[in-house]
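One structure coming up, written as structure tokens, with questions to follow.
A, B, C, D, E and F label the chains in the order they appear, each numbered from 1.
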Amino acid sequence: MRKITIEKNYLPHAEGSCMFSLGDTKVLCVATVEEKVPPFIEAEKKDQGWLTAEYSMMPRSCNERISRKKLQNGRAQEISRLIGRALRACVDLEQLGKRTITIDCDVIRADGGTRTASINGGFIALVLALKKLHEQRLIKTFPLKGYLAAISVGFVGDEMVLDLSAKEDNIADIDMNVVMMDNGDLVEVQGTAEGHTFSKKDLDEMLKAAKKGIEKVIKEQKKALDNVQCYNVQ
Amino acid sequence: MRKITIEKNYLPHAEGSCMFSLGDTKVLCVATVEEKVPPFIEAEKKDQGWLTAEYSMMPRSCNERISRKKLQNGRAQEISRLIGRALRACVDLEQLGKRTITIDCDVIRADGGTRTASINGGFIALVLALKKLHEQRLIKTFPLKGYLAAISVGFVGDEMVLDLSAKEDNIADIDMNVVMMDNGDLVEVQGTAEGHTFSKKDLDEMLKAAKKGIEKVIKEQKKALDNVQCYNVQ
Amino acid sequence: MRKITIEKNYLPHAEGSCMFSLGDTKVLCVATVEEKVPPFIEAEKKDQGWLTAEYSMMPRSCNERISRKKLQNGRAQEISRLIGRALRACVDLEQLGKRTITIDCDVIRADGGTRTASINGGFIALVLALKKLHEQRLIKTFPLKGYLAAISVGFVGDEMVLDLSAKEDNIADIDMNVVMMDNGDLVEVQGTAEGHTFSKKDLDEMLKAAKKGIEKVIKEQKKALDNVQCYNVQ
Amino acid sequence: MRKITIEKNYLPHAEGSCMFSLGDTKVLCVATVEEKVPPFIEAEKKDQGWLTAEYSMMPRSCNERISRKKLQNGRAQEISRLIGRALRACVDLEQLGKRTITIDCDVIRADGGTRTASINGGFIALVLALKKLHEQRLIKTFPLKGYLAAISVGFVGDEMVLDLSAKEDNIADIDMNVVMMDNGDLVEVQGTAEGHTFSKKDLDEMLKAAKKGIEKVIKEQKKALDNVQCYNVQ
Amino acid sequence: MRKITIEKNYLPHAEGSCMFSLGDTKVLCVATVEEKVPPFIEAEKKDQGWLTAEYSMMPRSCNERISRKKLQNGRAQEISRLIGRALRACVDLEQLGKRTITIDCDVIRADGGTRTASINGGFIALVLALKKLHEQRLIKTFPLKGYLAAISVGFVGDEMVLDLSAKEDNIADIDMNVVMMDNGDLVEVQGTAEGHTFSKKDLDEMLKAAKKGIEKVIKEQKKALDNVQCYNVQ
Amino acid sequence: MRKITIEKNYLPHAEGSCMFSLGDTKVLCVATVEEKVPPFIEAEKKDQGWLTAEYSMMPRSCNERISRKKLQNGRAQEISRLIGRALRACVDLEQLGKRTITIDCDVIRADGGTRTASINGGFIALVLALKKLHEQRLIKTFPLKGYLAAISVGFVGDEMVLDLSAKEDNIADIDMNVVMMDNGDLVEVQGTAEGHTFSKKDLDEMLKAAKKGIEKVIKEQKKALDNVQCYNVQ
């Protein structure tokens, strides 16, 4: 597994932020809190908040430059939806109150694992924003259900690889992204075999390895958030 | 599991097509063969073909009308990518030769399971198109690696449900889509818990149920394609 | 004239619907009723309803596949406007009340006459929706002014052809679409000569033939709607 | 019928142009000649030219300002198609050679009849451009099949009105646009009854009146083009 | 400096308008008054009006035709912003009251200096609109701070040129646009050296020449607006 | 003047890059070299290269989040054009050869002066990329004409302010951006008075102050690029 670096409060004016590095992959994760909820929640008259995410790659994040127009594609929207769905799993939206947290994940440099780095760094930004709301006494109970992290795992030929780099990802036969809580519960499992297949046994092995990887990520997250002491639900 | 109906060759002028029904869900699946490959294959000078898919819902496929503009969204693109990826797993793209097969999946009526119905019906359209190419002696070896099908499975409270209807899907805590070959190998596993989590045990149970469901779907696919006797790789 | 087939209530969950076939041309016509009116009626504070239509071809409705992007063109918008204008002629919008009926016409297969098939099938969907409103006692008087149908007629060389197929349409020198009420009154006459001209005598002959064709279509419409006995005003 | 004014060669740098006024309606019509043909003609390897038209209203052409975004709508595309189709009827595209003439019709002021003014003024611009090509000996035979003009006619209550102003158009029950050659042959007949119907007798009367109106327009066109003496096919 | 021609009230139905010619450059400038302010003023609850501008070139305004799609580009937006900013400098927005004036500048023919012609003609349209508001007693004090005009100046090699034509603009090493009030105060100075540089001395010389040019333009503006006697702030 | 920080080679995989900070304003500037030229240079068969720039703000660069859709506006395009034009002034495009350098300027944090920071940081990225090309012996002569920097200057009431922060910019009556070479020659002067005016004396004072500011920026640029010793034309 590649080295994790977390630069907390990278944008001090934002509610929560960090520059999250996973090897050479680097994602700027920023949480914005707005005192409104989307129309579909307003319409249902639910007394709850919302969390959404937006993922985007920067033009020269890859080895070759990609035009800004081509970067706004289906893949980016799919990953945005994944990040939002994953992070919603660890927040108590009712306790959050009638506000929306938007997590912007902008990929500064892409060397594989941009979606897992976005979830992991997005979690940091989210918790920092929740902490700010809590400190300002805008929310009574700290609405975090637990720590959450993501990791990729796959097979390159017969060899299982954890936290694939771009080079490994390109030649991998099977690619799986796993999102998990700190209690071991699964939030999202996306196993994909582009032009290949995999057995139930492969799946089990990959899940086992992913669990170990996620535990390491959560350890780093806890370290980064230690000073703010905000990781327990009160 | 809901009733499956397959109206083969629904559009006789297309290379392959069927109207695939899964309970009240109804998807028109059409395969088009074009004698060209996308630029990225042309650029790599690979001697192979390609398969791509496009998924779209019709404005009144749901209970309420959705405007055409709103139907072209990230969700539709994500499902299009899933269908294409899944169906590419069962085709030998090198044996297909330098041509592209496009699978259009247009949802006439949506009552849950539109993505699995699209994969299942898309498979029928694909095989019919391959058969036409084979009969016209445009391809020598029949480039099908095996039968492939998809099913959804989830938990509504504590109860596991196979092949969720729209009503069940809306109240499900966990939702998983599984794509599998007839030999039991996995092609895609997408387990999602919107605002919830699930254990490894839950995952195993869901996969077990999914396998049984997929076997039933493949039985129907084999029946539908029986007369054309094209399901073995030669 | 080609054979007409009407599959009534093709989408049981919609207010009105039918699959309308005209020879090999096949259009899914669906009526949606919404309890609101467009802003321009709201602004004028008129106490009336509205009817609008949307026409779209499916990617593989023609012999060659057309990309979804290319299908959203000026021609589709022009035909949508024609269908809406034509069907508004047979509805009493004041008696309809403050609601909007949207007629979606999606061309499953295109072999010429897709706009006339859309009007003819759209009429069926419209009347079924009006009937539902009437049965639910949401409208007091049945707001239908009369039966309405459309037909194409043209000249291929010196020979007049009624209800042109795609093949005939491509080689036709003159092409005319006529929309008429069951009492013989005209609603729309669109005679077009791409690169050609036609005399007043040609026009009269075409209108005469169109009238006979429209009478046949209305006979089929009446048969299809017979059981609902809704073709009289009041 | 309203007064016609034709300012010939309004844009001296263009191949052909005029400011065409019909009462208070004012349209700038400009013909551009380009030495290329659209892909669909190139593909069919036809040895002919093409003519296309683009119609657009300016933001303050009407009494109230319309935003530029709203001006690019289906109606504008529909009218563009009509103008192009109409003007193609009077040009011999084979004699034109492998070039494209684009007729831009920009409505400076709109007081009804913008589409007929566009066709009438577009004809002037077209002939001036053909004349320039002929003088430069780029085409051998003058490729004009005859004079062509358009007029609107309708019914306001029981009264028939020729060349409707915006005010009359708004209250008209029936509205018809007629495009005709100088020999009386019809090119396009578009009779529309928004929420109304009309009899065959009404149609005949309107066509009769339209013919007289068109004769007057052609008289003005001939006068405007007199000095260039280009109105005979050689 | 090229000849200036001003056709006042070119569109009598608009609040203010003129056709402004600067040599062969011709811009239709139209002022529209609407009784509303943009959201950002509404939000700040300011008791003032607003002025905005939209600049657009017509397809055949240049020697070669430019497609309508290509005309909606960054350059057009940049010039629109410049025109709006410049004209806002001469209007007292508080005295204008809660209304918006939109200045549409549509370039009929482009031979260099389209942005200065738009500002100069836009000023005429603006004053005519203010005059109409004043005459209708909708505004008490005439909210004009002074006359305002614009001119371009540049260097072609060593020679300074005032009011550059398209031909001169293309070969100019330095190009500067100056907007000035009649009292000599500057509103906007945009000096640009595409691939070149210029000294402070060059800048001073250009500003001196621009001042003389602007004085000539204002003389023409005063003449054109003479009869309306509206050029003094009361 | 605010503190300048330059993190050179922020993206090691790019041809040239830096994170440029100007007080709290932070811009990631990246140079990409591609071995092709835009169509308009290809068309003119000129034997030269090209330089273009793209400026974009990130959603949470300001105090409030701005949606990604709103960020792609005319202002961004205007600034992109300014950066490209400015940087082209210091490069010898003929010596660059048939290649394009794209300078991406993505604003991580915006506290005023984003366009000057983009030019200043873009210059660093550009020189680093040129150096790489020179080291790889792809270009013979180092194609840099001199150092180039930009600064903003304005008046807040009667007080002149150099290098305006967002807060100062919002209340400034006059705002000017100056781009200058190290020899004191001007490249771009954009003085703007939103709703105000300024005298020639004000302009002269601002230019004088700007010159001093630019000299300080160039000193920092020289320091940052010292080790690469690439700032002299050979």
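Throughout what follows, contacts are C-beta pairs under 8 Å (C-beta built on N, C-alpha and C of every residue); 3 or more make two chains touch, one makes a residue touch a chain.
Keep in mind that what you see is a predicted model, and the values were worked out from it rather than measured.
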Using the contact definition given at the top, which chains are in touch with both chain A and chain E? F
Higher C-beta contact count, B-C or A-B? A-B
Counting in whole Å, what is the centre-to-centre distance of chain B and chain F, each centre being its mean C-alpha position? 51
Between chain A and chain D, what is the gap in Å from one C-alpha centre to the other? 59
Cα centroid separation between chain A and chain B, in whole Å? 28
Going through chain F residue by residue, note those that touch at least 2 other chains and give them in order. none
Could you tell me which shape the graph of touching chains takes: line, ring, star, complete or other? ring
Going from chain B towards chain C, every chain in order around the ring: B, C, D, E, F, A
Help me check something: in the complex, which residues belonging to chain A touch chain B? 73-75, 77-78, 80-81, 85, 88-89, 93, 176, 181, 184-200, 202-203, 207
Report the residues of chain C in contact with chain B in the complex, numbered from low to high. 11, 13-14, 17, 24, 28, 30, 32, 34, 54, 56, 58-60, 63, 65, 68, 102, 104, 106, 108-109
